[in-house]
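Below is one structure; the comments refer to it alone.
Per-chain numbering from 1; labels A, B and C assigned in written order.
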Amino acid sequence: MKKSLLLTFLFYLAAVAISYSSQTWFKNPLRDDLRLEPPAAKALEYLSLDHRGLLADILFIRAIQHTGSLVWKPLNFALDSPWKYAIMDRVTRLDPRYYNAYLFSAMGLIQDFDDILLARPILERGIETFPESWELPFWLGYDFYLYQNDYATAGHYLLMAAEKPNAPKTFFALLLKTLNRQGAYHQAQILISKMAANQPPGRTKIVYEKKAERLKHLARLQDAALLFAENEKRQIYKLDELLQSGLITEIPTDPLGQSYYWNEKQKRVVAGKKNITQDKK
Amino acid sequence: MRHIITIAKTTLIESIRDRVFVGLLFFLLFLLGFSAYLSTLSLGDVARIIQNSGMAGMALICLLVTILFGAFSLYREEERNELYVLLNRVPRPAYILGRFCGTAMIIVIFSLISGSALFLLTLLFGGEPAFGLIWAVLWNICEFTLLGGVAFLFYAMGISFTLNAIMVIGIFIIGHSMTEAVESFIALGRFGSPLHMQSVKIISYLMPNFDLFDFRLEIIHHEQLPLDLVGLALLYWMSYLAALLTAAGLCLKNRDL
Amino acid sequence: MQQTTNQSPPILSLKDLSKTYRSREGDVKALADLSLDLERGEIIGILGPNGAGKTTAVKLIMGFIKASNGHIIFDHKELKAAETRPHFGYLPESFRPNPNLTVSEYITMQYNLTQSAAVKSSRRETGQKVTALLNQVGMTSFSGRRIAKLSKGMGQRVGIAQAIAGNPELLILDEPTSGLDPIGKSEVIDLLLNLKKEGKTILFCSHILAEVERLCDRIGIIVGGNLRFLGKVDDFLAQHEADNLDQGFKQEVKCATS
């Protein structure tokens, strides 16, 4: 009896030792042979036997491990963005109300410049599922701003986030900058008018109101410039051409004391110190 | 009624004293420990993972309870020839009902133990009181008593234990895939014949549909359970179970023992 | 082939009881036209080799299987299959009581099952009845012991105790001594003799001839599903010109199978 017990214990100990060693020798938490293509979401629903939440959790943990391995272990495997986003797709299809999974897709999981393009369809679904959330459109917009330099898309999502209730006002400045850079003056003007309305009377409110007026001017001038390009089949060289063609009656005065001019490189009307070389053209 | 109570009471005492009972409690402990471990791998979703894996553990334990205490004990009683002694004194439908009530009580006990342990684990590790687990326990009881009814029917039909256990597991899997099956086949129906589609739909109506008791995602997300669906699920449970037990009683009554 | 020992109405009458099983090879007759009357207070032993149809006959009487033909009349009332037999005490072959209960719990459970809903006995009354039953089978000192820990002989005593719970008019015992050692067998036979003294009617199946000879007032011999003889042991011996039951039984079986 004692011998048998001892033998059982020894065998068990050996098994544990082998298991430990295998984990020590094969540090790669996601070996290529194990990185199978995740099955279709419907097939996973079958497999889960109505424990979709648990299966979503397990898959989510796999994705976390995959990404986390990059941080604290020597990188000995290729980061597989399509794989990890396919996993996150299944996670969010198994449990469509898994908020953290959406959030993680736009935050911790982004490692490559193009990752946001893979995350976008997942986050679009998240935005649809959580219409009250400002975080999901914010991160989507932020990632497009940061990784893609796609200010138009970034602006679209950031504005969407700004319009959500409970959205913090702190990222409005970032949004404003993005909208400005893309030339979306109408949207920027709406945003800053909202910011002005939310401010208590004082110096900041006055500045916001003046900036709103400037954006209103820029929006009007930009619209006229676009119309000019459409009619004349060419871009304008300077704003005076808009006056000559009758598209505007006057060039408005900037409430913040600067001037408006046509920036050929950015192909939009901007406010700032007048660029003499451009006017000479 | 007296017969039913006596048989149910005996089933309960016999099951609690069985070694398998203690074995299953240890298994449950192991599963709960695994839940706690799994939760440490998450990104702040500790409570969620404990509940998800705990509910899966609860279901696994109750599946074993249904097969071992529900089905197997019936066959064991027959093998010991004790069934004949009992059926000399107890009408066959009352015997089925008594045995079923005993098994249901064991399922209730295991569900409550699992539910309470999960509640404590969630509170301890996740830091939140998961009152939704009361619902999880209720739906677990509904699901596995219904599955137990299926096992009793197969027994009454004279099917062997091995086949019964395989079929119960099969029904458990099929019962959880009903909605997905119908949806998939409806999609397939575009390419197949309407007859195929109708057949699948009819089978889905006839087979036990455990999808109706699946409110796990609502429980995890602390959402209000849709009352109409709750009512529908309870009504379905009652009527399907009554049908199964009546059929089991009838089969046993007409079977040569 | 019907014989009675006296003119008083029988407690149990079997009339042309038959059971045929259908199989791929064709119909198999497990029991053919069994007719017999059982008198009050007598012990009748049904003898036969393995597979002769003894257990089928018992199962038919108990209503566990449906008869293909024939009637079972108990106390002027026809019994149907799948109905309970509250007036019968039954001990099946190779019976093993629930091992997870104690002796007293098991007998209490069986006693409670014999009580009708109308008669509600108190816990104390039930306890007294159970003690009396255990006393009757000599198991009082083991009342608190788990059945799993009892010997086979003791288990059989528990089986007999449950059979006599509720004071049934008729006891049907299917091979009550099978699997027991000689001491166990002797104990069970003594127990049955005591029950006979108490006036119980017993139908007793066995293929152990010595105990049948010792116990029974009459014997019935079934071979190949047919009742070959029904009567007193002496008549059987005289019919076969045999010195003992063993010799006569062998002759009967040989004759039936040839």
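Here, a contact is a pair of C-beta atoms (placed from the backbone, for glycine too) under 8 Å apart; a residue touches a chain by one contact, two chains touch by 3 or more.
The structure displayed is predicted, hence computed values, not measured ones.
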{"item": "Touch-based graph of the chains, sorted into line, ring, star, complete or other", "value": "line"}
{"item": "Closest chain to the centre of mass proxy, which here is the mean CA position", "value": "B"}
{"item": "Gap in Å, rounded to a whole number, between the CA centres of chain C and chain A", "value": "85"}
{"item": "Separation of mean Cα positions, chain C and chain B [Å, integer]", "value": "40"}
{"item": "Separation of chain A from chain B, taking each centre as the mean of its C-alpha atoms, in whole Å", "value": "45"}
{"item": "Residue ranges of chain B touching chain A (in the complex, touch as defined)", "value": "38, 41-45, 48-49, 51-53, 55-56, 59, 172-173, 176-177, 180-181, 183-184, 210-211, 214, 216-217, 220-221, 223"}
{"item": "In the complex, chain C residues that touch chain B", "value": "59, 62, 64-66, 82-86, 88, 90-98, 100-101, 105, 109-110, 112-115, 117, 159, 162-163, 166"}
{"item": "Complex contact set, residues of chain A against chain B", "value": "42, 45-46, 49-54, 56-58, 60-61, 64-65, 95, 97, 100, 104, 108"}
{"item": "Chain C partner contacts - residues on chain B that touch it in the complex", "value": "1-3, 6, 9-10, 13-15, 17-18, 77, 80-82, 84-92, 253-254, 256-257"}
